[in-house]
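The structure follows.
Read from first to last, the chains carry the letters A, B and C; within each, the first residue is number 1.
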Amino acid sequence: MASPLEARSLSLVREGNAVLDGVSFTVAKGEIFALLGGNGAGKSSTLLTFLGFLEPSGGEVLVNGRSVGSDVAAARNAIAYLPEAASLYAHMTAYENLDYFLDLAGKSATKDEIDVALDRVALPNEARSRRLQSYSKGMRQKSAIALALLRETPILLLDEPTSGLDPVAIDEFHDLVKTLAEGGQTVLMVTHDVYGACQVADRVGLLRHGKLVGSFAAENGQRIDTETVHAAFAGREAT
Amino acid sequence: MLGHLTRETRFLIKDRGALFWLLLAFVLSIVAVTFGIAEVSEQRETIATLIKEDAADRANALEGQEDWGSAAYYAFHLTYAPPSDFAFAAMGQRDSSPWKHRVRMLALEGQIHEADTRNADFGLVGRFDFAFLAASVAPLLLILLLYDLRASERTMRRHDLLVATAGSSRSLWLPRALVRVTALVLLLLIPLWVGAMIEGTAASLALQASGIVVASLLVWWLIVELIGRLDASPSILLTSLIGLWLALAIVVPAVSKAAIEAANPVPDGGEILLLQRETVNDAWDLPAEATMEPFVERHPEYADHSEIGEEGFEWKWYYAFQQVGDQVVEPLATQYREARLARDAQAGLASWLSPTSLVERAFEKLAGTDARSMIAYENQVRAYHGELRAFYYPLMFPEEPFDADALSDLPAYDPQES
Amino acid sequence: MSTVTRIAREEWRLWLRSKVVVVAALIVAVLLAATSVLTVNRIAAEQSQRIEQQVAAEQTFFAQPDRHPHRMVHYGHYAFRPPPPLAVFEPGVDAVTGQSIFLEGHRQNTAMFADTKAAADLGGFASLTPASLYQLLLPLLLIVLGHAIFLRERESGTLAVMLAQGQSGTRLALGKATALLAVIAIFMIPLIGVAAYSISLGESALAAISLVAGYFVYLCVWGAIVLAASILLKQRAVSLGALIFVWLFAALIVPRFAINASSAAIDAPGKIESDLVMLAEQRKLGDGHNAADPAFMQLQAQVLQQYGVETIEELPINWRGVVASFSEAELTELLNSYAEKRMGLEASQSRLFGLFGVVSPTIAISSASRTLAGTDLATHHRFLRESEDLRFGFVQALNEKHVTALDYQVDLNRNNGEEASRAATINASAWRVLDEFRFAPDSASQRMDRAMLSLAILIAWLIAATGVVYIASRKVKL
């Protein structure tokens, strides 16, 4: 069976600059893969090529074994995407937002189903009928995650999902992602948070100047060693 | 598609910014239509009063007259162009060209250019009628409704999420924009339809007008759509769109107008009057034959009755030189009319460069308030003046005995005749 | 360098680096220059043409041969209104009113052949003048330049840095205001140039300077509105949208709305309508051509008594002339009362229109601008009054000649053959009674008086708008 996500010698040139240069990786079903890198390493661009927003200049990206370029809609349909610092509409309540976005994805959910999803992301009950403009950054992030849950897609793409969240919320979020992966969802997240990546991911890829320069996998039920990754990340950055 | 539309309608209902512009469009449309109907009914009232007073005045003037000449001299006749049942939507040239006259059988050129003008300050600014709203203001409102559909989502970092969720941009932006355009069109048109019902406008006319509004807004939508695809900040998009609107709504019409008027000089109106008056004035000093000859050339049927006596004043001679006055300026007057028509025809072509001009002109045409209609009215006045002459001449020149009862057969002005 | 000028310089640097701003400013500048040149040429041509026409009309009148004096009453004369010097900037109502009048006995004609009647019809606002560019386009340019002038500091987070450094909101606003003021000052240059040119054409410096000052205040009002919006609103798209709405409202909607409203509120009947009412009254006055009209019996008795004679034939003067003169005076009084009533109604319509300046500064400046330029309705009305005086003057002077210089019997006999009609004339030197007519604009102080209300409204706008800016900038928080 084809891997849910695969990048084959992916290259990307934007405005004359090589953003990605020959990046290859696959993410297996139920796996959490974290792309780790500094600012401008090409992390977000990688996600955008999987969504068909950016076209590879070389190589290709595949979703469920099919090239994204050949069927963008199918790729997007299989993916729930959580952009960095995303906010749903501030002038609508969480219920209204989720209702709207699900409709947009061609799905529908009852209020109960929405409540279940909001429970899972721990959005307080009293807040759900309020407009998002009164929400904290964390609450907005949670409502966006709830959308990703409700879409029940086989693949999740997460862009800096924990930035702006407090430590408790980060732990909760990591637990949630792990549960989702155990349920069979494939997760590709990009982050610059070494600790977070090592804590949640089954495998960490180190991205530097558009090149995949290292890979660390969890072995024998152990988490990836933060120290090793950190040393690799910092050491190479320094040189 | 229907599902997309209902979803986006629900979305629109929660967007207070968009609702504000839509509400504004609705209110402005109501205001424009209301003012239009009020103005049209005032014009109708004026005409009704004038018809009554005109008849009374003529009866008064004709009373006790003892010859054909004095009867024709003292009796004025009202001519007018009533506003059409769609004029409420576009007052057009009715504001700058006269639509009512009182003429008598003197030289027509001395009478037809009299303008029963409104307050000059008003002519300067122009009226807020539906045509102006639809042509100039509605595109601005459309721009404000649509310009940042994409760009605002981009600034809020929501664009990619939305498109990724929707799968394709078509199922998102098209219905979202379509709902707004449809709402704008409906809110603009509903007051127009109500107005058309009150005024008894023909359904086909109202339909054509609606078609014009829809077509023009679709063109503007296309423009906004093309510009809106640029990956620029909302404020730069809006600035560019407003600039484009300025160019299409103000600069292009102004430049074409200046060019057309320079290319088609209209004879100085004063010249027409001057020449006509000089001719009439000079006739007093000339021997009667100098007047009667050109007159008989035009009216050979009175050749046998064109002898003017040596002594005393004769009305025949007086009206003959009035007629000759008109004859002399005929080429100038024709040139004046032709030049106006030529300007109008070229303005019609130039208006294809500006959707705003095109819409206003189309509305004026439907409402019968365009330059052509006003010139047609002038032609009607000329024709009626001709009827007056045709009535009096056969009585006056053969010197039929005066019969006051015959005056009841005076031609009546009929605005419908063409 | 003070912080205020420092902030202003930064703003300018930003503008000069923005293509949109530079392009917009260039387009406006080009439009302004082109329209100014075109209008200056057109008005200059019209002015010399009208003065020539006026002189020619007088020459033609003087050159008429010996005639019956009443023939000259009907021969008539023309009055022309040349555009005032400042019309090169603000042509005002001239395009709508027509600028020449035919003057003759027994009639008050309207000004003829307004340009608009024969204009190519391209809808809405199809003519551009320097004044309309200043009124409509420059506010838009200020909006484009300034809608984010303050809030971009908030957007980029630099506002926090500045406030933390101890800058106050008011100082920051003052710097931004200075930057906008510099833009306004630069765009005042074409107007100052045109004003200087008009002074060289003989315009009073007071009027020209007031016009410049009026537009400066007007643009400052818009600058203040723009600045206030950019302080009070947090997103640039919202600020731009709101300002465009204000512009749409003030520049397009309110003026036209005000036209509809003031013509609905004050009904000024058309000339035909009032002429009809007048005609009925006029018939009671009698026909001045017919000395036997019973309406003149009382006059006859009075004149006969005055000269101590029994019949009109015994009078030492020409009775027909007396009747013509008497009835002209009566008729003119009637005509004038109606004309005054109509002009009065129009003037109050325009006053009402001017009061809408409270809602739209564009109305206030356009009223003030027309008045100061001498192209307003009041000036047109004065032209109508003065040309009426000219008309009445020469008609009555000719009637006087009719009374004194032409024998009654000869006059009565005028239609009996060529010989008799030649006898019933007077010497052409009598045509010199016609006064020379040169229409001149009102004095600058009169125009100032008339423009005072609109200027006061503008200044009130400025005070209100800067007040809002001041209060908003004092309350600036993060």
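We adopt the following convention: contacts are C-beta pairs under 8 Å (C-beta built on N, C-alpha and C of every residue); 3 or more make two chains touch, one makes a residue touch a chain.
Please read all numbers here as calculations on a predicted model, not as lab measurements.
If you compare A-B with B-C, the chain pair joined by more contacting C-beta pairs is B-C. Using the average of C-alpha coordinates as each chain's centre, A ends up farthest from chain B. Centroids of chain A and chain C (each the mean of its C-alpha atoms) stand 69 Å apart.
Per-chain Cα centroids separate chain A from chain B by 63 Å. Separating the centre of chain B from that of chain C, both taken as means of CA atoms, is a distance of 24 Å.
Multi-chain contact residues, meaning those touching two or more other chains, do not occur anywhere in chain B.
Along chain C, no residue makes contact with two or more other chains. Among all residues of chain A, none touch two or more other chains.
Per the touch definition, chain B reaches chain C in the complex via residues 17, 24, 28, 31, 35, 38-39, 42, 46, 49-50, 53-54, 57, 60-61, 76, 78, 92-93, 96-97, 100-102, 113-128, 131-132, 135-137, 140, 144, 148, 151-152, 155, 233-236, 238-240, 242-243, 246, 249-251, 253-254, 256-258, 260-261, 264, 266, 268-270, 273-274, 277, 281, 284-285, 310-313, 336, 339-340, 343-344, 346-347, 350-351, 354, 356-357, 359-361, 364, 370-371. On the chain B side of its complex with chain A, the touching residues are 3, 7, 10-11, 14-16, 156-158, 160-168, 171-172. Taken in their complex, chain A has these residues touching chain B: 48, 51, 53, 72-73, 76-77, 79, 81-89, 91-92, 96, 100-101, 103-106, 144, 147, 151.
Those residues of chain C lying in contact with chain B across their complex are 20, 24, 27, 31, 38, 53, 65, 67, 71, 74-76, 78, 92-93, 95-98, 100, 102, 109-110, 112-114, 116-128, 136-137, 140, 144, 147-148, 236-238, 240-241, 244-245, 248, 252-253, 255-260, 262-264, 267-273, 275-277, 279-280, 283, 346, 349-350, 353, 366, 370, 376-377, 380, 415-418.
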